[in-house]
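The following pair of complexes shares a single chain, chain A, combined with chain B in the former and chain C in the latter.
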Partner chain A sequence: MAGAEGFVEADNAEAIIIRIEHKSRKIESLLKQGKPIEALKTALEGAPPKTQDERCKSANWIVVHRALMAIKDVDFMFSSLDPEYYDILMKYLYRGLSTGDRPTCDQCLRIHEKLTEKAGLGCILRCLADTVNTV
Partner chain B sequence: MSNTLRLYLACIRNTLDAALCLQNFPCQEVERHNKPEVELKTSPELLLNPILICRNEAEKCLIETSINSLRISLKVKQADELENILTKKFLRFLSMRAEAFQVLRRKPVQGYDISFLITNYHCEEMQKHKLIDFIVQFMEDIDKEISELKMSVNTRGRLVATEFLKQFV
Partner chain C sequence: MAAIAVHQFAQCITCHAWSPDHAMVAFCPNNNEVHIYKLIQEKWEKLHVLQKHDQIVSGIDWSVRSNRIVTVSHDRNSYVWNQEGSEWVPTLVILRLNRAALCVQWSPKENKFAVGSGAKTVCICYYEQENNWWVSKLIRKRHDSSVTSVAWHPNNVFLATTSTDGKCRVFSTFIKGVDIKEKKEGTSSDTKFGEQILQLDLSFSWAFGVKWSPSGNTLAYVGHNSMIYFVDDVGPSPLAQNVAFRDLPLRDVLFVSEKMVIGVGFDCNPMVFAADETGIWTFIKFLDERKTSSSGPKYGSQFSEAFGKLYGQSKYGVGNDAVESSRTRGGAHVNCINCIVPLREAGSSRITRFTTSGYTWDLGSQEDLLNYL
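On to the complex of A and B.
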């Protein structure tokens, strides 16, 4: 049973990585058009669910990171971001904070403060407690 | 630069606010034992995701939570060799008197300068927001203390050298 699931994972991983590459091309084009918020929404949308594969998670993180660093106006971003994205954004923010790279951390800290104001402490707690869907 | 410090401390404060949800939980393996689960890490279902918050390459804060305890480990900014030595000595001085602080851990976690261990008993005796205020205040004061120590070492060194070299003038 575990072996069969292992195979399904591998196939899925390849499919997921191809999907992430498509997504990153779409995001690059959106960023060139000057729409960083749509880019971020696209990046957060197809987040691979229930994948244990580190490569998929890293690939998706790189894409989200690209979109996050392009955001200049944080308040404007929140006015057009739907609440359903708050939890997944918070998870990616913590991943960004753990990298230790100065510009990433600066940007993540800025967004984190505003996101906590909007989404509240429950969002942070869901990040802490969700050991199944890690990012 | 003080803006990043403010954001960093705000982030840590919010995360601690959310993570400090501790309740009493007797040990599952051994009868009549009550241990802080974050230290032992025996059962994965009792642990939450550890969170690492970095301000930059030098400063970071690791927050690990479990059902009855929370561990915060800090790495303080150390610009040069002198600050390195001062930080180590100062924080070792504090850690040796951990009894007086109650929430301080005697030895810092590997890779960090100082660690706090907060258990459900601390939350029952003391107010949660005051505990968080203490930790954040500690982080602010550590930087000031280390710069003060460094300045006093440099001043004293300069005075001693001036006096000593006067005899050769």
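On to the complex of A and C.
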């Protein structure tokens, strides 16, 4: 039973990674066009659901990180980001903060402050409490 | 609107229950006793102290028609107290638990009560006339972790439970000799004792505070991840709604009417949720409006300072002026609210008053909420 599941995971993982690569190309082109918010939305969409595979999560994190670092105007970003993205963005912010890398942490902190103002403490709690869908 | 009456009984109240005529209140002041206070001429007087438990009393319920108090404690015992003259006489109920009892509730007909425990079981206790004692039947299956809250459906047979495994379940507690089988089609298969009717896996974190709406059509429970879940048409194909809110998690909820729910929890301020005509539930407002408004983040002093330190470390020095000097949150409660109990008018299904451990609230004076009642 576990063996069969593992097999399905591996298959799925390959498919997910290919999808992420597609996403990455799309995001690069959006960034070149000067649309960092669209890029972030694309990166956050379809974050690998319920996969335990670390490679998929890391692959998606790299893509999200690229989009996050490209954001210059945080306030403007929030005016056009839908609330459904808040929870998943918060999860990625914490992943960013855990890297310890100075530029990443600075950017994540700036976004975190504004996101908390917008989404409240509940958003942080949902990120902490959810141990099933981690990023 | 602020609370209409504020009573300071003790430093910390674990749980409380009102007498049928609302003249007396029983509560546990965070120790192994139950204190009963009566309102005599505008002052609350301590009338009785019920001392039988060895550890903290975690649940109290006072039945409306039969005037009995049931208490459960971390000492794995339960007592049913009957008032004889001016004394309360306890009857031990052997629950057969090997872990603490966490919550208790009388069934609507008051012939049974349910106890949730840390032993991953639910005890359904009923009175056996021949032997003159309370018997406990256990639902051992299904729960993977502590049962934090129980709630009876108006039909006296269905019981909803929430657990720290994040799931909400509905069981049948049909007991031969106590419950009467209803001649409804399709229900005969579900009426076996301990049969699980429904399992809701909506929350990824601990679940607390489950309640049925007055008609029994809707179920509401909260998760520790700052979400509240509403389930309509509980049955083979339920309709679930997840409502995420901005603030700290809730601990308990109360259905004020079919369309309005009050939630209480770590924010020390009751939150009102209501369903509109299409049945979509949303957060309406906080009940206690004493929070002073400011331009900065609306958090209490400890949060402001913590966030100030966090953001102050950023190279760009953002928002250091968001650190405010100590400001109280305002509002009646200063700590987490654990439980909310209705003050029901006899014969009325509308609830306009309720208490949250120590404070009485009146919804009647809230103009904008009245159309939800």
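The criterion applied here is as follows: the second predicted complex is superposed on the first by the 135 of 135 C-alpha atoms of A that agree within 3 Å, B and C clash if a C-alpha of one lies under 4 Å from a C-alpha of the other, contacts with A are read in each partner's own complex, and residues count from 1 in each chain.
We take it that a contact is a pair of C-beta atoms (placed from the backbone, for glycine too) under 8 Å apart; a residue touches a chain by one contact, two chains touch by 3 or more.
It should be emphasised that the depicted structure is a prediction, and the values quoted were computed from it without experimental measurement.
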First (chain B), second (chain C), both or neither touched by A:D87: second
Touching partner for A:R110 - first (chain B), second (chain C), both, neither: both
First (chain B), second (chain C), both or neither touched by A:S98: first
Which of chain B and chain C A:I18 touches, first, second, both or neither: neither
Chain B versus chain C as contact partner of A:A119, first or second or both or neither: second
First, second, both or neither for A:A129, with chain B first and chain C second: both
Where chain A meets both chain C and chain B, residue numbers: 102, 105-106, 109-110, 112-113, 116, 121-122, 125, 128-131
Complex contacts: residues of chain C adjacent to chain A: 204-205, 223-227, 244-249, 297, 299, 303, 307, 310-311, 313-316, 318-319
Parts of chain A lying in touch with chain C, wherever the complex brings them together: 87, 102, 105-106, 109-110, 112-113, 116-117, 119-123, 125-126, 128-133
For the chain B and chain A complex, residues of the former touching the latter: 4, 7-8, 10-11, 14-15, 17-19, 21, 44, 47-49, 51-57, 60, 65
Complex contacts: residues of chain A adjacent to chain B: 94, 97-102, 105-106, 109-110, 112-113, 116, 121-122, 124-125, 127-131, 134
